[in-house]
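Notes follow the structure.
Chain IDs A, B, C and D follow the sequence of writing; residue 1 opens each chain.
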Amino acid sequence: MIEFCGIELEHQVINASGCFDVLAARQVFGEALVERFPFAAYVSKTVTLAPRAGNPPPRLWESAGGMLNSIGLPNPGIDAYLEHHLGEYSKLAVPLITNVMGSSEGEFAALVERVDERAEVAAIELNVSCPNVATGLDIGADPRGLADLLRVVRPLTRKPLIVKLTPNTVDVAACAAAAETGGADAVSLINTLRAMALAPRGGGRPWLGGRTGGLSGPAIRAVALAQVASVAARVAIPVVGMGGVSSGADAAELLEVGARLVAVGSESFRDPAAGSRITAELTAHFAESAA
Amino acid sequence: MIEFCGIELEHQVINASGCFDVLAARQVFGEALVERFPFAAYVSKTVTLAPRAGNPPPRLWESAGGMLNSIGLPNPGIDAYLEHHLGEYSKLAVPLITNVMGSSEGEFAALVERVDERAEVAAIELNVSCPNVATGLDIGADPRGLADLLRVVRPLTRKPLIVKLTPNTVDVAACAAAAETGGADAVSLINTLRAMALAPRGGGRPWLGGRTGGLSGPAIRAVALAQVASVAARVAIPVVGMGGVSSGADAAELLEVGARLVAVGSESFRDPAAGSRITAELTAHFAESAA
Amino acid sequence: MTTPFGRRIAAVLSRRLVGRYVVLGIGDPDAAVEPGQFYMLAAVAGWGGGGDQRPYLPRAVSVLYARHGEVGFLLEDVGPGTHRLCELQLGEEVYLVGPLGQGFTPPQADREAILVGGGVGIPPLAMFQERWGGRAVVGFRSAQHADAASLFRDPAIATDDGSAGHQGHVTDLLDSLLEDGEDIAVFACGPPAMLQAVQSRVARHHVPAQLALEAPMACGFGACFGCVVETVSGYKRVCVDGPVFDAAVLV
Amino acid sequence: MTTPFGRRIAAVLSRRLVGRYVVLGIGDPDAAVEPGQFYMLAAVAGWGGGGDQRPYLPRAVSVLYARHGEVGFLLEDVGPGTHRLCELQLGEEVYLVGPLGQGFTPPQADREAILVGGGVGIPPLAMFQERWGGRAVVGFRSAQHADAASLFRDPAIATDDGSAGHQGHVTDLLDSLLEDGEDIAVFACGPPAMLQAVQSRVARHHVPAQLALEAPMACGFGACFGCVVETVSGYKRVCVDGPVFDAAVLV
């Protein structure tokens, strides 16, 4: 049993937000998905106040040892999420973490208040990798912006608040410290790195419907390791480490530099049961190094 | 013939600083290196005021589709550089670009003044990916810091000043704009991404002597493409694009998003003549797309 | 009928060339596959290190046949992923997830099924014909590619260069069938341009049609939301809501 | 004698197993190689996609022999790079840059050369003995590995498990030679621990020694400054200032 923000978890591996749709996976794989659920907690895809269709296709590009996505956070909006999705998610035997994103402090506040009402939700993850309407820069890229955000949302819920930091910043540890000071119960990182791909023989035309996208997968693992290490060295609250984890050895490294939990994203695309495999490899890894 | 800051270049491919040591390469490959020099200009490794031994080994790590280095900018210091190295470099038939780094505006000023005296040097590249002694953050990560730096060094030379931007920032285009406003003649990017690797079975001990290192190679190409595109869209001065270029097609993409020149770094480690190969592939590429 | 959960390892049991394509038979005991369904495939060894240091993600590949514990695929080498799959030798291991996606809905008894295939898009239709019959009209680049028409029972053939069958597009052949046939239903799979041509034609003739689409995919089981296509009811994931869609819902 | 500029493509001409190692012969007409020099090697196809999506960089490999237009290498599979090189088949192509580095300086006539090798570090010494003679003392993990001692003329053998020759370290054998022999010079290549043991012993006995070192390398021709080792005159690049160093200069 692992303790995380007062939540009891079976093991240390959870899914990265937006990389595992339980509803679709259950249609495809049936009850086996529920019985052999790969993760110790389920983090839902980012939900926003209003429904979002997401970005026009193409949304995917494969790069050296990784991938770019410009999914654009499609989601049914908070009302439909709470009404239809949450009930389905709660059929899982694991704690639920709801990931929310607003384009302003007011939107974040409204989202946190709505989610706070629901007992099924064990914790709330704030996705702050979103352009601030005013500055155009990620809210989460600026420690001051994060402090302001937490001043607004922290009082609105007693559920654990996890701040999902953006890696596209100067000093991610300073952002983590600002979140901690503001009352965050945990931080998670890294989100995808801002990246771009061009259409083959497209004369410079962007391939992705969203023009730019986010880089994930093994290509970013060394960057994730550096950012998780610097954050874990700076803050006392637990850290959820992610970025390019595809094996138990990869997961062990994030734990060794100070993460409390590890999240698996892109690797689940290559192996739907990656979470279970990585958890088993992790157990074996620590058994070995203990012996 | 390509024009770059008033300098005439044979083609659009140059070396990335610190990725090609002409002195060593000439010892190894002899005159062929000079006769078939792969680059349209030679950018020297970063030189500092005082000599530097560089970081303790190990200095290299291989990662998914790329590599980490923590070389630590070993160099003989500006005096020995001007006295011994520059003369050797000027035996090359291509223009020379001297890359300098200081840990303060004063150091940068002293370096620029020293290099300015030498007619062999066609342009000066300022490596601003260095921790500011006061803040600990990269000088180049903050537009204001860049503006201050250029206010000091711009008046000291009439040679073209190229600002080598750091990618570890929130808004690289804003940094480029600050450099342009400050009188920079060009900007170059991307430098390596801050990253980390752990010693195999080392229980969390960093592998690199410098603890953290810089990620380069194909793994970062999609990040480079996004940053070069955003910078080229923002500034009017020429842009030197680099990051993960290993083929003419890769180089063409950087040019298509607005770079004037392309620099090749890590790929030269895999193929000492990569610069020539990429230049030839580039020519063929544009011949095709023209046809 | 649900898909086995997780990535399985299976061996290449058979391999042969058909025209310019490779037909790969991979062991998958008791796989219940519908025509139009696909698998996500990746080689266990050497998946990566090709062009641009790829592939990294598995590749979606339609099922050509499923019998005697073997699932068959038709592959064309168009990039690092299919290149690696095409060079797989007997006994080499692959990761597979599948069968995945919504296949074709069988035709009503009162309508003749017209199977319109283009290039490497023919597998779902070959499986369709074997299962439910139907008249095949297939288009290829050249005679060498057209050898793959041998996967059908008496197909009508078109080639771009006229080196085999009718010179021109497969949709020329479809046109004549649409002219004199009312009680037909069209089932198509092929390159985007061909599918669009089919879509506009069946719309004009008010003929029902099901189209098997392609889209860049990362996961194949609805996890990434990367494979969407626009429909009258918004973006739909090709991997779970398709790959087969009613032509009428596609915009 | 300089190294051909740039990366060349050559084919695997011969391949055989020696104990637990693979001996690869690669075509390289008129290569003038000194014992202790190395090449940077990479497979043309499938370089990448192994563990951790590696290898990406070429690998430094010592020359075992160079004759009849063929350069020979001894390889041990210790990771994704050597794994790929070990599985190369006849005719497969490799990228090569070399010969590189400073090899051994031949011994003076008045001193007997003692060649101390450990595991996969023996190639430079085997080439040394063939060129200039000398007495070989070689250490291995086990008898299977010790089969590679066949690459030497009457070698003295030590194995960790005693399954062949003396049970213990190769430095035990060196000790006896150091006791009764004054006019000797030591030439060594092997794992770091062995080289340190050799270094301290020769220092104690005031015997000259040359050590062939290893270091993580990216380029092999002095471009990256990544392969440094500490010497009495500061950091030196193993690839251009070495791999062979006088034991006295290493700290």
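The definition used in the following text is that contacts are C-beta pairs under 8 Å (C-beta built on N, C-alpha and C of every residue); 3 or more make two chains touch, one makes a residue touch a chain.
Here the structure is a predicted model, which is why all the values come from computation and not from measurement.
Student: Quick check: more C-beta contact pairs in A-C or A-D?
Tutor: By the number of C-beta pairs in contact, the winner is A-C.
Student: Please compute the C-alpha centroid of chain B, do the same for chain D, then give the distance between them in whole Å.
Tutor: 34
Student: Could you put a whole-Å number on the gap between the CA centroids of chain A and chain D?
Tutor: 47
Student: Need the CA-centroid distance for the pair chain A / chain B, whole Å please.
Tutor: So the centre of chain A lies 34 Å away from the centre of chain B.
Student: Pull out every residue in chain B that's touching 2 or more other chains.
Tutor: Touching at least two other chains: 61, 63-66, 217-219.
Student: Return the residues of chain D touching two or more other chains; collapse runs of consecutive numbers into ranges.
Tutor: 48, 52-53, 55-56
Student: Building nodes from the protein chains and edges from chain pairs that touch, which of line, ring, star, complete or other describes the result?
Tutor: Shape = complete; every chain linked to every other.
Student: In their shared complex, at which residues does chain B touch chain A?
Tutor: Residues in contact with chain A: 61, 63-66, 68, 137-138, 141-142, 168-171, 193-198, 201, 203-204, 212-213, 215, 217-223, 225-227, 229, 244, 253, 256-257, 289.
Student: What part of chain A is in contact with chain C in the complex they form?
Tutor: Listed in rising order, the residues are 18-21, 23-25, 27-30, 32-33, 36, 45, 53-54, 56-67, 69, 71, 74, 217-218, 266, 268-274, 276.
Student: Once bound in the complex, which stretches of chain A touch chain D?
Tutor: That would be residues 65, 218-219 of chain A.
Student: Please name which positions on chain C make contact with chain D in the complex.
Tutor: Contact set of chain C toward chain D: 45-50, 53, 55-56.
Student: Within their complex, state which residues of chain C touch chain B.
Tutor: Against chain B, the touching part of chain C is residues 52-53.
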